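One chain, subunit A, links the two complexes that follow: it is found with subunit B in the first and with subunit C in the second.
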Partner chain A sequence: MIDLLGYGAFFLVNALIFGVLCLGLNLQWGQTGLFNVGVAGFAAIGAYASAILTTPEAAERIGGFGWPILAGWLAAMLIAGAAAALVGLATLRLRADYLAMTTFGIAVTIQVVALNATALTGGPFGIAFIPRPFASLAETPIAFNAANLALTAAVVLGLFLVLETLTRSPWGRVLRAIREDEAAAASLGKSVNFYRLQAFAFGGAIMGLAGAMQAHFIGFIAPDNYLSILTFQVWAMLIVGGSGNNRGALIGAVVVWALWSLSSLAVGTFVAPAFQARAAALQIVAIGMALAVILLVRPRGLVGERATVSRDVEALHDEGAPAHEPVRD
Partner chain B sequence: MSLQFLADGLFAGALIGLGAVGLTLTYSILRFSNFTHGDFISWGAYLALGVVSALTGWIGPAARFMPFSFGWPLIVGGLFAMALTGLLALALDAALFKPLRRTGHGIVMVIASFGASLALRAMLEFLFTSEPAYFSRAIQIAIPIGFGIRVTPDQAAMMGLALVVVIAMHLLLTRTHIGRSMRAVSENPALARVVGIDVAAVIRATWLIGGALACVSGIMLGLTVQIRPQMGFDLLLPLFAAAILGGIGSVWGAIIGGLIVGIAEAGAVQVIGSEYRSAVAFVLLIAMLLVRPRGLFGVREG
Partner chain C sequence: MTGPLRVGPSHVERTRGPVRPATLPRLWSGARMLEVQSVSKSFDGFRAVDDVSFVVPAGSIVGLIGPNGAGKTTTFNLIAGTLQPTSGSIRLGGHPVEHEPAHRRIAAGLARTFQIPKPFGEMSVLENVLVAARSQPGERMLANLFARADVQRQEKANIARARDIVAFVDLARVERLPAKALSGGQRKLLELARVLMAEPKLILLDEPAAGVNPALLETIMARIETINRGGVTFLIIEHNMDLVARLCGEVIVMAEGRVLGRGAPQVMARDPRVVEAYLGGAAA
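Right after this comes the complex of A and B.
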């Protein structure tokens, strides 16, 4: 029972970190319509930035800065956000597809750098001994996992509230206006590209934070953690949960991560070791097809975006006799 | 510095170019960047391998065309596999992209293609494992052709094949009815529909041609390097770079873009080593988007 609780906390920490990635992607795609296929790349930037800055000295690579974890997280956000801003500067004025190709390219390039810039990243062996929050509790896994769950949940809650406030603010309305009709937003005097750049950079910073949180929770990173499968998982989570809705992003993260973990567990338990690589491949096929089916059958996802209705219309409904829900798309 | 990198770069560039032609056609006619295109390349190679082993299993081993490493089974198998890869692309369109086209959001198709790409690749890993496979294990002696450059007979044959395919594509697009219809749809779909062009037939032709070309580039890669489920996906970034470099929609642009990417990669390997090879395409892509986003031969940025 205690074991199960401990595993539950461990599972939730991982799921919520994915939730942070989803919140970042939701700001970029769900709110602003910016297509990012490089989620893994921005998570990698955050993870490596924080890991390099916080780890003790290591003989084989640059390091030994020994920053506190929190400073590492902030640096991760800053650096990943700056990287996203650079990508955005180059491509946001172009067609949406070019952003897709460029973000895909940056993820590939970052992975190559992580793999080969051994002096900075430790190369294929990655970086170990990344300080973990509440490391003093590591003797009792349940306390350690519970403390980390509390910390992660607090970060997620804070981020969620900030994003919800931003979404409802005039700033958030401009983002959605750009997403829905770029020309109309521009004709109202909104600097479309500048708003897009802000949303893209902030989203990238959130992904960097998630990468750093994951690196510090696990305590070890390697280039293989940041393959395109990670990007794909985050997209599947956002689409299952309901893009455009922060609550949906978090729900999708927990649901998809639960399905992913359960199916991995099933593969590990019921499949003979010789066939496990094949079964794992089949698991990816299933998730890929599930994503396609959801896009076809229920593009809104589990929760979906709340319809934005003018307060004048709402007032009209309040006065008129049969108050009913606004029409949703 | 040996000039060998030029030959290697040209060869890599030719197969990148062939892949990029399919990508640029699907982009300009269906208006989305198709992330499954790289996996069509892998599927093409495995399908060819499947047909070849079925043929040799059925009739027994065939003699090689000396000095090449392959005999007639690869030629027959290659043609079959081209058709099969085209059909695979058509099937994927019918199951996934066609219904999404009706709902009318271009970028949703990109997400769907990203998911489909992963599923296609994982399916290959499931069927064939991630161990590399080979058309032939025969060792090829590279022949010197002057200037210190050596080329294997297979490489020379594949370069010839690539040239034939490109010329055939050019004739198809300029001299046949379906080719002209394809160009019309890529210029202006609404107008093309108004003048009575069968847009559904154009879309079918685009998938068939794109799939078949991807298969050729998969066979080229499989014959000269090896066949792996990841091989096409790893080519995706060079393909995008080539298509953008040449200008979206331009067949010759895609070929020339492919050659530029191939030679730049081979040259970079000489200078900075092979570790960063896959970053070269990205640098070219970014540079092109900053300087001239419509590409070398692109007509417009719309």
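Right after this comes the complex of A and C.
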């Protein structure tokens, strides 16, 4: 029982970190319509930035500054956000399909750099001994996982509240207007590129934070963590949960991560050891099936139906303010 | 003509609660609202707009007519900044704007609607209109986190004004519906409401009557007249000659990228060059 609870906590920490990635993608795609297929790249930047800054000095690579974990997280956000801003400056004028190709290429490039810049990233062996929050509790897994769950949940809650405030503000309204019709938004005086840049950079920073959180929770990173399968998972989560909806982003992350973990368990249990490596591909099939079913049954995702309304407009509706009498001519 | 206009006084009186006069900008002092000077636009060598010059006086309603392919919408796009002219200059209230990006021209008082309406489909009618408000501290990301009181105060004022404008264009009953649920004619009205929210001095309307049923068309024309009485200048592309004859004091006729002539609608309709342009266009 204790084991199961411990696993539940471990599972939720991982799922919620994916939830953070989804929140970042939701800001970019769900709210602003930016087709970012380079999620893994920004997560990688955050993970490596924080790992390099917080690990103890190591002889074989540059870095190892021994910073506190929190400072590593903040730096991860800053660096990933700055990287996203740079990428955005270069690409946000592009149409959606070109933006997709470009971000995909950038993410692949980042992964290849992580693999080859051995002096900085440890190359294929990655970076180990990344400090873990509540490391002193590591002897008792349940306490360690529970403490990390509390920390992760607090971060997710804070981020969720900030994003809800922003998406339901006039700022978020401009993002949605740009998503709906860029030419109309520009004709109404909105600087389309500037708002896209803000959404892309902030979304990138959130993805960087998620990368750092995951790196510190696991304590080890390697370039293989940041293949495009990660981007695929995050996209699947957002679409299953409900694009354009922050709650949907989190629910999608938990649901799809559960499916992923269960299918992994199923492969481990029912497939002969010799075939397990190949059968692992069935996990991707499972996610793809889930995606297809959701798109057929609930095209807007599990909780994506409700249109986002600005906070003060919604307050007006909640008050039951009478509609204006129509003008009769 | 210089006083602030109450958008549709009739509805303001019916509003429950305090009366909120929605004010529109005062008439500009300059007599020339818009000057288009020797403007040309080429696409791969094809001159869609060829050395076009005209003036739109402040406070007027001017029609821009001509057969399909005459370059009317391209001219609109050049004035609005969606396209950059190959050559020539565009002045708004005496200030050159041809190098300003589209999103800055509305701050200079220039607003436009689209031939095919471009509603923000997933957003409510009211929110569509709110997007256009010019004074919005909440459009700065951090203000929403650290200066919420400011944001809320302005947002409430904007919502009140947006509701007045939505009522003015007869969309109050559908203000909470997503804009994608509106009919073609209602979408035209929504476009008008959106640009009104931005307090423009000059409104470019691209075919406000196209695909609109007669009852709604009457509403649209009446609203345009009311707004114009408040001092807003209009330049209107339109094929519906009833609308042109009723609203426009003058029309500018374009054909094959050039200005053919200018005058009262009834006079221009009989002008042999104009007749030739329309018939020639139909034969081609």
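The criterion applied here is as follows: the second predicted complex is superposed on the first by the 297 of 329 C-alpha atoms of A that agree within 3 Å, B and C clash if a C-alpha of one lies under 4 Å from a C-alpha of the other, contacts with A are read in each partner's own complex, and residues count from 1 in each chain.
Heads up, the rule we're going with is that a contact is a pair of C-beta atoms (placed from the backbone, for glycine too) under 8 Å apart; a residue touches a chain by one contact, two chains touch by 3 or more.
Model, not experiment: these values are computed from the prediction.
Once the two complexes are overlaid on the shared chain, A:A236 sits against subunit B while remaining clear of subunit C. Residue contacts after overlaying the shared chain place A:R176 against subunit C, while subunit B stays out of touching range.
Applying the stated contact rule after C-alpha superposition, one finds that A:M289 touches subunit B and leaves subunit C untouched. Of the two partner chains placed around the shared chain by superposition, neither subunit B nor subunit C is touched by A:R247. Of the two partner chains, subunit C is the only one that A:L188 touches; subunit B does not reach it.
Applying the stated contact rule after C-alpha superposition, one finds that A:G105 touches subunit B and leaves subunit C untouched. Once the two complexes are laid over each other on the shared chain, residue contacts for A:R300 go to neither subunit B nor subunit C. In the superposed model, A:R95 makes contact with subunit B only, not with subunit C.
Within subunit A, no residue touches subunit B in one complex and subunit C in the other.
Subunit B contributes residues 27, 32-33, 35, 96, 99-100, 103, 106-108, 110-112, 114-120, 122-123, 125-126, 129-130, 233, 236-237, 240-241, 244, 275-276, 278-279, 281-282, 285-286, 289-290, 293, 301-302 to its touches with subunit A in the complex. Touching subunit C in their complex are the following residues of subunit A: 162, 165-166, 169-171, 173-174, 176-177, 180-181, 183-192, 198, 202, 244, 307, 309-310, 312-313, 316-317, 322-327, 329. Across the complex, subunit C meets subunit A through its residues 8, 10-11, 14-16, 80, 82, 101-104, 106-107, 111-112, 114, 118-124, 126-128, 130-132, 134, 136-141, 143-145, 151-152, 155-156, 159, 163-164, 166-168, 170, 172-173, 175-176, 178, 194-195, 198, 218-219, 222. On the side of subunit A, the complex with subunit B involves touching residues 33, 35, 37, 90-91, 94-98, 100-102, 104-106, 108-109, 112-113, 115-116, 228-229, 231-232, 235-236, 239, 277-278, 281-285, 287-289, 291-292, 295-296, 299.
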